[in-house]
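As structure tokens, here come the structures.
Common to both upcoming complexes is chain A, partnered first by chain B, then by chain C.
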Partner chain A sequence: MRREPPQSLGDYLPLLFPAAMLTIFFVVPFGTMIAVSFFQRQQGGFYTPAFVFDNYARFLSVFFGGVLGFSLMLAIIVAICCVVLALPFTYMLTRMARKVQVVWLVALLSILSLSEVIIGFAWSTLFSRTAGITNILVALGIMEQAKALTPSFGAVLTGMVYQAFPYTVLVLFPALVRLDPTLTEAARTLGASPLRAFFTVVVPALRNTITATLIMVFIFALGSYLLPQLLGRPQHWTLSVLITDQAIYQSNMPFAAAMAVFLVLVTLGLVALTVIAGRKGEAA
Partner chain B sequence: MSGLALQNVVKEFGAFRAVNNVDLTVPHGTFVCMLGPSGCGKTTLLRMIAGLDLPTGGAIRLDGEDITRLPTHKRNLGMVFQSLALFPHLTVGENIAYPLRIRGAAKEDQKKRVDELLAMIHLSGYADRPVAKLSGGQRQRVAIARALSISPKLFLLDEPLSALDAKLREAMQVELRQLQQKLGITTIVVTHDQREAMTMADTVVVMSGGEIRQAASPIEIYRRPADSFVADFIGQTNLLEVQADSAGRAEVLGQAIPGLALPAGANKGTLSVRPEDVHLTAPGAGALTGKVTFVRDLGGTIETFVDIAGHQIVAVSTPRARPDVTVGQEVGIALTPDVCVVLKK
Partner chain C sequence: MTSMFRKVYFFLIGLFLSLPLIVVAGVSVNQKQTLAFPPQGFSLSWYGEIFLNPEWRNALFASVTLAVLSAALAVAIALPLSWFLWRRIAPWANIFQLLGVAPFTLPPVITALGMLTFWATVGFYGQPWTAVVSHAIFFVTLPLVTLSLGFTSIDRSLVEAASTMGADERTIFRTVVLPLILPYIVSGYAFAFVLSLNEYIVAYMTVGFTMETLPIKIFNALRYGYTPTMASVTVLFVTTAAVIFSLVARFGDLPKLLGAMSSDGK
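Let's look at the complex of A and B:
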């Protein structure tokens, strides 16, 4: 089917509503935030309009650089963990009977209905000394004594992977369903074991999907701010936590805005790099 | 014994028996076509030979070795799928080199073999093209080359030509047969196209309902079908009831045919006579008499439809031997025992 480009002003009408919503609820607040990031903070008060780089300058410190680096690293690890776990899982899921698939997908969707708070507290209970999973290990005789697994980096990572996993599966699912199953069969007849067939055919054939999924989970994980606080120590706090802290508890709107703008810029830069690297890989 | 042997192979999907007690011996270097209507179990049988499905019962042997439970990737096969299953992320050359790469062949050896195969399929210089840029016939050739790159013990093809247009398909049938003869490789093709089977095969295996109805050379199958299903499935045929009359002679539509014999011990049967073996005569001169209902003149051949007491008989003749008949005319039909096959009921 060929679509004609819009001819008259009337043809653009259906676009008007989403465009208006996007402007009012996204472009305007984001613009305000950029503006505020250049404002002058007033000690003990709010802020006054100005055009100063103080907020950005303050951000360029070892401390905030470290937090930014940690946030990015955490998001990257979460993205990689999610894709590494979800890809084989989803691949096997698409090869199961329709009924089994529905049960799994409903279960995964129900995780999406849980709020971050509930997920955080559930995991902090599971990782606790008194009621946690280590008690099971003790009962099985694998461990000597029950111990607390939280707060720790592992706990933060587990909680965030748990939260992002359903999204990862849902993004990968359509691409894997569409993948021709005879491709793996062909690889097997040509001498590849099922495992090698997966890595030499399924993974490369889905390279673009995998890259897109990594980016999606990365961005999703970057915004996380509750789980690091519930399951981690202060050194595991992400930039989002600090932004909230500055905006709400320190009443330093301009600095919070500057950090947010910086985070957006770094994220966009990383995504652009990934896309460019993907294109280069394809050309080679 | 060298070659492939299937012994009492059974495949059940739940309560459904897709393949029922199949016995088949394929000597080394033969070209076998498995032919049958859809759902007859031919693809399932091929998948079991490939190891993609495991038989519920029976054994599969290759060169004397039991491979019934051997995983697919250890069977050293080459298989061409109906969808071709070329790897979209690899180039033509990389696709063909895939089995060699998996087996850890050296880069130079891979390249040499790919060049050899590309020359064989008349696609030299295409190694670096993406497969998406090829035409249907070219993809077909690449799939064949990829399956042959390790010189497999068995070459399996599942409806390989069904995606091609009619002209290309006919050309590929000849090409595939010539290639197989040159390489001397044991080949099994699944098809529902009897013309394809007749063109390529040393042995045609006609299947129906999960069973082998007949396995023989194409001409044997055509001339001496084992039963009315085979007679009807391979080529066109006229089927008529045969009965023993009171004197024990074979009788068709109430007319005794001299020299025609019923199967031993049976007093009923089905007579199969090919349209090109039906000769029209003057009324009364042949064994049967009927009325012409339609003449289909196709230029190269002429089909005459004759109605005999509610049974339709088709006679095919060449323009040189064009019968001088018109619709509505009474004609005689000559049935000589040497062109008739009487099949068991």
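Let's look at the complex of A and C:
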């Protein structure tokens, strides 16, 4: 049966339920959020319909600029760390036996599906004074006394790299599977060392994939809403944490919504960049 | 690259990925109510606590119910949509595909906040079923992507043959399409189920003040008093995810499934 255009109105029937669900429960909530971002906040946690730019004007503060700058910087560092760690890993993984691949993929998927709450809890335990990694170092005689490594910037970064690493591998995986193995074989035959072949053949061939992956991991890291809160100090809070904080604890929905709209715009801009990078990759 | 380098690199990555989980597993068998590592004494009572302590048991029940229902609803949304897109030429209908992928691509806090403002505006804020709908929309991407992949792998000549033999649309769907697509339905459901089980922010913003799912319960415990039960629940979650994904890998083609997920889905 070939694909054909819908003949009658009845042919559209299967579309009815999905279209209605997605419109009512995604498009409308999204619109509601945008509307609320222009509403006037009232003391006591409620808001009244209005059309004011106050919530957006607050972006111009030094504090907000600091949070935004920190969020972007943190996400960039996480993206770079993840790609640097994951690229050789994924490359070697795709050249392993299928059974080994599946085991690693199952493990990576299991970690990727873990709640941020759980990842935060696990790392805060690992970095704590009583149960932490420093106890092992003390036992080995490397350190004098166990100490807490959290809250700190390093803890936030480690937690976020841990969270984003499986995602990075899974994003890189299909591109690396499709990479023509004869490319490296040719380089090896011509006398390049494995390391040299990797850097002079594999990395340039994947330039666009790497760019797209960096952006995707960046967006992923930008969405981290709990780890900076659980593993860092208030100065390590990101935009996502701030949105949650404003919405839930400060009950300032309009401001939270305005920040969320801003975050959407940043994300969409980056997705557009990814698509452009992907197009160029296909053309090349 | 030399195999020695590879072994060391994989060992280090494996260590990085498993270390927090090893420590958590160690903490979960403490005899007393401390988060000590290496554990002091050995006891599995913190695993029993998940089922015996009414608070944890309720949270477990809430989480599992939420995941079962929302994953089912997500599949119910994704199946007719992906079938329609496969069966018909209707370019404008692709917009719904895009809408289905959007919630998962955007930072999760955005979907969460959208849902919060929406449910508060329509007056259902805090009702348990709103979390089911919110999760179904949030995770509809997963069955949508696996099902789209599943449909593209169906050989259209099979369907054509059935049609030539006189089968009507309904019969074709039931006897040809459905059996072929079933593995993809199952894996889409499995992905949505596991992620829903672990999801925190959307659940928290929709029903956080009226009921506790396990991730919400763990978060609250992080703030108001640590207990090794948090560690045993974590171990339970990791094990559940690993078992479900192993089953998906056992009965489906995991590398293929993931190969398509990243290029089409995200």
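For this structure, a couple of remarks:
Here is the rule we use: the second predicted complex is superposed on the first by the 241 of 284 C-alpha atoms of A that agree within 3 Å, B and C clash if a C-alpha of one lies under 4 Å from a C-alpha of the other, contacts with A are read in each partner's own complex, and residues count from 1 in each chain.
To be clear about the criterion, a residue touches a chain if its C-beta (ideal position, glycine included) is under 8 Å from a C-beta of that chain, and two chains touch if they have at least 3 such contacts.
Computed from a predicted model, the values in this text were never measured in an experiment.
Using the contact criterion defined above for the overlaid structures, shared-chain residue A:Cys81 touches neither chain B nor chain C, since it reaches no partner. Touch criterion not met for A:Ile210: it reaches neither chain B nor chain C. Between chain B and chain C, C contacts the larger number of chain A residues. After overlaying the two complexes on the shared chain, residue contacts for A:Glu185 are found with chain B alone; chain C is out of touch. In the superposed model, A:Leu157 makes contact with neither chain B nor chain C. By the touch criterion stated above, A:Val67 is placed in contact with neither chain B nor chain C. In the superposed model, A:Leu149 makes contact with neither chain B nor chain C. Legend: residue contacts after superposition of the two complexes on their common chain; A:Tyr225 is shown touching chain C, with no touch to chain B.
In the superposition on chain A, chain A positions 194 are in contact with chain B in one complex as well as with chain C in the other. Residue ranges of chain C in contact with chain A, taken from their complex: 1-2, 6, 9-10, 13, 16-17, 19-21, 23-24, 26-27, 34-38, 76-78, 80-81, 83-84, 86-90, 93, 96, 99-100, 102-103, 105-118, 120-121, 133-134, 136-137, 140, 156, 159-160, 162-163, 172, 194-195, 198-201, 204-205, 208, 215-216, 218-219, 222, 230-231, 234, 237-238, 241-242, 245-246, 249, 254-255, 258-263, 266.
Interface of chain A with chain C (complex): residues 1-6, 11, 14-15, 17-19, 21-23, 25-30, 32-33, 36, 85, 88-89, 92, 98, 101-102, 105-111, 113-126, 128, 130-133, 135, 162, 165-166, 170-171, 173-175, 177, 194-195, 198, 216, 219, 222-223, 225-226, 230, 240, 243-244, 247-248, 253, 256-257, 260, 263-264, 267, 271.
On chain B, the positions that touch chain A within their shared complex are 50-52, 71-73, 75-79, 81-83, 85, 87-90, 98-99, 102-103, 146-147, 150, 156. Interface residues of chain A, counted against chain B in their complex, comprise 180, 182-183, 185-194, 196-197, 200-201, 204-205, 207.
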